[in-house]
Amino acid sequence: MPDERERQQGVVACVAYRDGRRVGEVTIADISEAIRVDGQFVWIGLREPVDALLRQLQEEFGLHDLAVEDALRAHQRPKLERYGESVFVVLRTVERGTEGRRVDFGETHLFLGPRYVISVRHGASSSYAGVRGRCEAAPALLAKGPAFVLYALMDFVVDQYFPVVDALEDELEALEEAIFGQAFSRETTARIYELKRDLVEVKRAVSPLVDVCNRLVRFDLDLVPEDVRLYFRDVYDHVVRLNEMVDVTRELLTTALEANLSLLSVSQNEATKRLAAWAAIIAVPTMIAGVYGMNFEAMPELKWRWGYPASVVVMLGVCSWLYVRFKRAGWL
Amino acid sequence: MPDERERQQGVVACVAYRDGRRVGEVTIADISEAIRVDGQFVWIGLREPVDALLRQLQEEFGLHDLAVEDALRAHQRPKLERYGESVFVVLRTVERGTEGRRVDFGETHLFLGPRYVISVRHGASSSYAGVRGRCEAAPALLAKGPAFVLYALMDFVVDQYFPVVDALEDELEALEEAIFGQAFSRETTARIYELKRDLVEVKRAVSPLVDVCNRLVRFDLDLVPEDVRLYFRDVYDHVVRLNEMVDVTRELLTTALEANLSLLSVSQNEATKRLAAWAAIIAVPTMIAGVYGMNFEAMPELKWRWGYPASVVVMLGVCSWLYVRFKRAGWL
Amino acid sequence: MPDERERQQGVVACVAYRDGRRVGEVTIADISEAIRVDGQFVWIGLREPVDALLRQLQEEFGLHDLAVEDALRAHQRPKLERYGESVFVVLRTVERGTEGRRVDFGETHLFLGPRYVISVRHGASSSYAGVRGRCEAAPALLAKGPAFVLYALMDFVVDQYFPVVDALEDELEALEEAIFGQAFSRETTARIYELKRDLVEVKRAVSPLVDVCNRLVRFDLDLVPEDVRLYFRDVYDHVVRLNEMVDVTRELLTTALEANLSLLSVSQNEATKRLAAWAAIIAVPTMIAGVYGMNFEAMPELKWRWGYPASVVVMLGVCSWLYVRFKRAGWL
Amino acid sequence: MPDERERQQGVVACVAYRDGRRVGEVTIADISEAIRVDGQFVWIGLREPVDALLRQLQEEFGLHDLAVEDALRAHQRPKLERYGESVFVVLRTVERGTEGRRVDFGETHLFLGPRYVISVRHGASSSYAGVRGRCEAAPALLAKGPAFVLYALMDFVVDQYFPVVDALEDELEALEEAIFGQAFSRETTARIYELKRDLVEVKRAVSPLVDVCNRLVRFDLDLVPEDVRLYFRDVYDHVVRLNEMVDVTRELLTTALEANLSLLSVSQNEATKRLAAWAAIIAVPTMIAGVYGMNFEAMPELKWRWGYPASVVVMLGVCSWLYVRFKRAGWL
Amino acid sequence: MPDERERQQGVVACVAYRDGRRVGEVTIADISEAIRVDGQFVWIGLREPVDALLRQLQEEFGLHDLAVEDALRAHQRPKLERYGESVFVVLRTVERGTEGRRVDFGETHLFLGPRYVISVRHGASSSYAGVRGRCEAAPALLAKGPAFVLYALMDFVVDQYFPVVDALEDELEALEEAIFGQAFSRETTARIYELKRDLVEVKRAVSPLVDVCNRLVRFDLDLVPEDVRLYFRDVYDHVVRLNEMVDVTRELLTTALEANLSLLSVSQNEATKRLAAWAAIIAVPTMIAGVYGMNFEAMPELKWRWGYPASVVVMLGVCSWLYVRFKRAGWL
């Protein structure tokens, strides 16, 4: 276990492994010694480390200046960069959002050399203790060296995306119901827009991983033994599937927005027709009443005994006739 | 025929073939022996097998862990992966939907080695008994080995898509009629959206197969003899055609949605104009009646004998004139 | 000339050529002999042949099973496939539509070997007699062998598309006039949609030819001599131009549809404003008349001698003033 | 100078050059001789030549049949084709339109061999006399041979596009003002559509040049010496910039069309609200007047002395109150 | 420091460096001498230089004519061009706009040879004095030669884009609030359009840099030592991120515009419904009043004592009932 000072600097764990088995905790100060042992490598987990710590490790392992600066600044896009025989990987991690936001992103930087793996977590991200545990439980695989640790971490990070994307798909379904049900409202459009924004964000985090995995599978990185590549192909597969899920959701969302607009037009159409129909139904008796409200002296109907009831009957008749016609035409 | 226990575990059939001819049923337990015979291979059909069975076969044939895990979990996207000299293929199968859904998807996983073909069916999918029958009826082709079985299965799976895509094309035609006919309704838009969703789903199942077939045709897989590649080119062709049919339907659907919106505007326009025209026709006599309903003492018209009929004639005249004008202008 | 039996089976012509010159008609039965002569090849023209005939030719020339099955089934997409040293080409032919349809498609399958060309026509398609005539009139070119015949047929098929695409461009122009002129109607939208559908169909028939020609120009097909490739480049050029014409028309059509929607909104706007303006002009005198129709005993205006004319003047004045204002504001 | 007969056939100029210096005018008849001189080449300028002339040159220089046919027919798309060691280039030339059209297109065909350049102009196109003059003024460059002439002509043709594209950008700006200013009208939509059409046309003429220049820069054409390639890179650059300008204008235009639609909706909204507001303001006093126009015997208000003024005050009060409310709500 | 004459010609600084350390100021006249010293190079900073100065430097360093002409004319798109062993780079610089414009662009041209770097600034652009200072402060890096200076300048230019793109993202957020808040107005659409235009402009300046950086990282330019390439990879990374930020903002903006249109329809819908509801509520009592305003002699209600109050009660009742119903239906 890292001592208190190290913990405060950001060290979560620092363990040496040989032949897939855990040799024991190492302090940062003893690392030089630990990695001099043949067939042994250290796996260091950091969380928002202080600058001094990263600089110390940089000296220890000869990390490249540009990589370390990236790790200090964060806000990188996912990428894999090769510096001589070592590799620097940036991943965006994801978590189900808190406080009304649906998605929270973090970042993990991984330094990988023949004798070390360093993971640096920033922002929203689950602990990697579980990954370490599962790796230690499979010594045969862990014996393949740092590349397998890289796989384990990437696999974990990528798998976190599935529940998030599932949640976005569920939201799309909920929106479909809101759109095609009657409950349309101003708020639906806002929700469509928010979903779109989340999808774009997830896409942005996931799509560069296609390229990263591809390079791990195909290119000739000495660090990655032949049989570990199959594992990265598995991650590649997951990433492609995530990408596809996001794209499909995005495309359907676009169609949903258009359908939405279409239905608004239908609804507008209906309202206009109803308005027109009722206006006509009321306007006609008003007009008739107006005529018999004229003050001409010579208006014989006014003197008839049944003039008034007749006029009311005519009014009701015209209204009923209009009502039926509009009903049949689908305007009411 | 597999015995009761095997059947319960998910075995549908397990047959050995030599030189394209059926040698006979084999139990899972006897497989090791069966595949030791020169020029002989087994074709095992499974349907939602229990985990133990798959694990047993994994040991028997040395299947890769990642492939077996995919087969256990299902919900993969279509792909072809090579593990040493064996190959793992994932296909999405399709069936005309039941209970109101138009399309039902299943999954088939295929393990292919020099001496075995294992097919694993999940979810909606037709039985492969027919495929087996047709293969056995053509010993010359079946003699080409497991690769030909792979072709036969893929060809069958792909051909299932044609009636489904045809049905989607028919639905598009029905929608066209609904849109351009008068029978427009709120439900049409919902149907457009559903068709879109089905198309996206089918596309998602079919389009990765372009790549899969391409690799079977072009890349140097020892498992696939030169003359079987021509057959995969045929499958490739079908997949490309399916893809194209889906794309064309999708593009037309988008245009249909836009045309729909356009027609709604036309319809809205017409309703507004009609409303305006009738409002004008009724408002004018109402206004005239209002004027002669005023109580001024000095209104000479009121005393005229023909005042009342004259006013009615004027009202009717104005209304007729308006009616004719609106009719000519196409507002009525 | 093919005898009656052959003609009934679907043979249109079957002629042997040597050094670019016509040697003479050959019956199907004599083909084996004809193609054994050095430097001689046969060009067989079929139209919707019976299955037996195709099977007979398959045996004669060793055509591949998959190619023959395609030719029997038709409904393929345009493609070029190589079987050993022979080639199978599928083309979609086009004709100006009859009976209200604008475009009719057919299919032509071409089998090409070192010593034979077989063309199989299905559906709407012009006769290839003219092509044969032109080829025979240019022995120097025809001497280049079956590849030149392939060129001549493809060139002919592709050239049939130009008048069809021209007609679609003309229809777009007619639609532009309908949209931007006043004569907008519900039918215009339907015509836009139909044009779109035709364009998509033509595109689907033409665009795979880009790839087919490309392969004939660039890849190393022994069947196509170096100097005939230049001719396929010419066909390639035409295909690219057709493609481009269709794409441009399609893009403009999309914009036209949007412009259409925009103009509908303008028109809706104008109708609403006019409705509002006339409603206001009529409502005001109606209101004034209403006021003087009230039955209060103490309404001094009612007793004035000039009350009535004054009120009418006020009504007319207000109406005129409103009319002028609306006119100026562009509402009327 | 070409003699009268040649001029009538379409010869504009035919000059021999050696070591970058003008040797002198040559008649078509003397060309054979002129190009036999070592280090000498002829540059022939034609304008809509008669067929016979082109056929004569074809024989003289051994031009390929397909190229000559293209040059006779015109209406080609821009392209570069290699025939053996000679090259055939098609360019679309442009001019500011006359008589209401904004853009006029022409075509120039260039035949290029080790010892000749032939330019053939069709339709709208500026004279190439200036290009010839500038080339002759730079003998060091002209000494690089026909390839430099090709550069000079292409550079000239491409530079003609800049003022045209600038004019289209200006039109977009004018449209922006029309859209976002108040002066919206039916004509604006038509102008948007026309601009779109012009952009599509220019794009169609320019974009194939990217490929043409690329081939001149990169591929191994013996005709183009290493140091002339840099010049084609310059043309390439201009073409890419033109392409980009057109694309940007096109994208903004699409957005402008959408913004247009959006603003029409806003305007429609405003009109509807105003209509509603005024309708309400007028309807209320009309209703009140209607009530006091009723003929009930027992209506005490009618007998009050201040009944009439009171009712008018109430009417005015309600109207004012409504007016203020609508004003505040932004409906008026 | 450059003397007064040089300063007037456009020289900002002209300094010689050896082994990463500053040797001292050099006048343009003494450059030939300065670059003859082994391991020494000069870094010349110009700002809108006069033509004569550039021509002088062209002679001094053997710059290519086409590059110098580009530098004189400006208005190039970003690019990298190689002339023999020297390189010419064009960058678009950006600054937060002044006077209402959000973004101001300038241009920087860089000539790079084994012994010189020349930077030429045009238009809006920050001074490069800071870059020079930072380079001089890191002699170990500056010792890598002109390529490192190129990196430092490109890095600086690219970093200027981040605040600009951030500002555009902020504007998008402000627009989102305007759209989804109630404060919608005609001006919002104009702002959407302007943001789009700015994004397109930035995209146009940034996206060609992807290619430029890629070539600096990957291609075999002798001028760029292996270890400096890592630095260009860093710039590449920033450029890709900028590109992505712009694309994401652009996509969201498009969706925002559509959402905007959708909300306008909602708002239109609401207005129409309200209008209809109020029209109905007022029309009904008007009609009733009209009926009792008729002048029939035999209208018993008119003589009833409670006729008038009863009719008013009926009117109020109907209005209340309508009001409640409309309220419940969400029309009011």
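To keep things simple, chains are lettered A, B, C, D and E as they appear, and every chain counts its residues starting from 1.
Note that in this section a contact is a pair of C-beta atoms (placed from the backbone, for glycine too) under 8 Å apart; a residue touches a chain by one contact, two chains touch by 3 or more.
All values derive from a computational prediction rather than experimental measurement.
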Shared interface partners, meaning chains that touch chain D and chain E: none
For chain A and chain E, chains touching each: none
Angular offset of chain B relative to chain E [C-alpha, multiple of 5 degrees]: 145
Equivalent interface positions on chain B and chain C, same or different at half: different
Distance from chain D to chain B - Cα centre to Cα centre, in angstrom: 42
Gap in Å, rounded to a whole number, between the CA centres of chain D and chain C: 26
Residues of chain A engaged with two or more neighbouring chains: 258, 261, 265, 268, 272, 275, 279, 283, 286, 290, 293-295, 299
Chain D - residues contacting chain E, complex: 176, 180, 230-231, 233-234, 237, 240-241, 244, 248, 251-252, 255-256, 258-259, 261-263, 265-266, 268-269, 272-273, 275-276, 279-280, 283-284, 286-287, 290-291, 293-299
In the complex with chain D, residue positions of chain E that touch it: 64, 66, 76-77, 79, 81, 83, 184-186, 189-190, 192-193, 196-197, 200-201, 204, 257-258, 260-261, 264-265, 267-268, 271-272, 274-275, 278-279, 282-283, 285-286, 289-290, 292-295, 299, 301-308, 311-312, 315
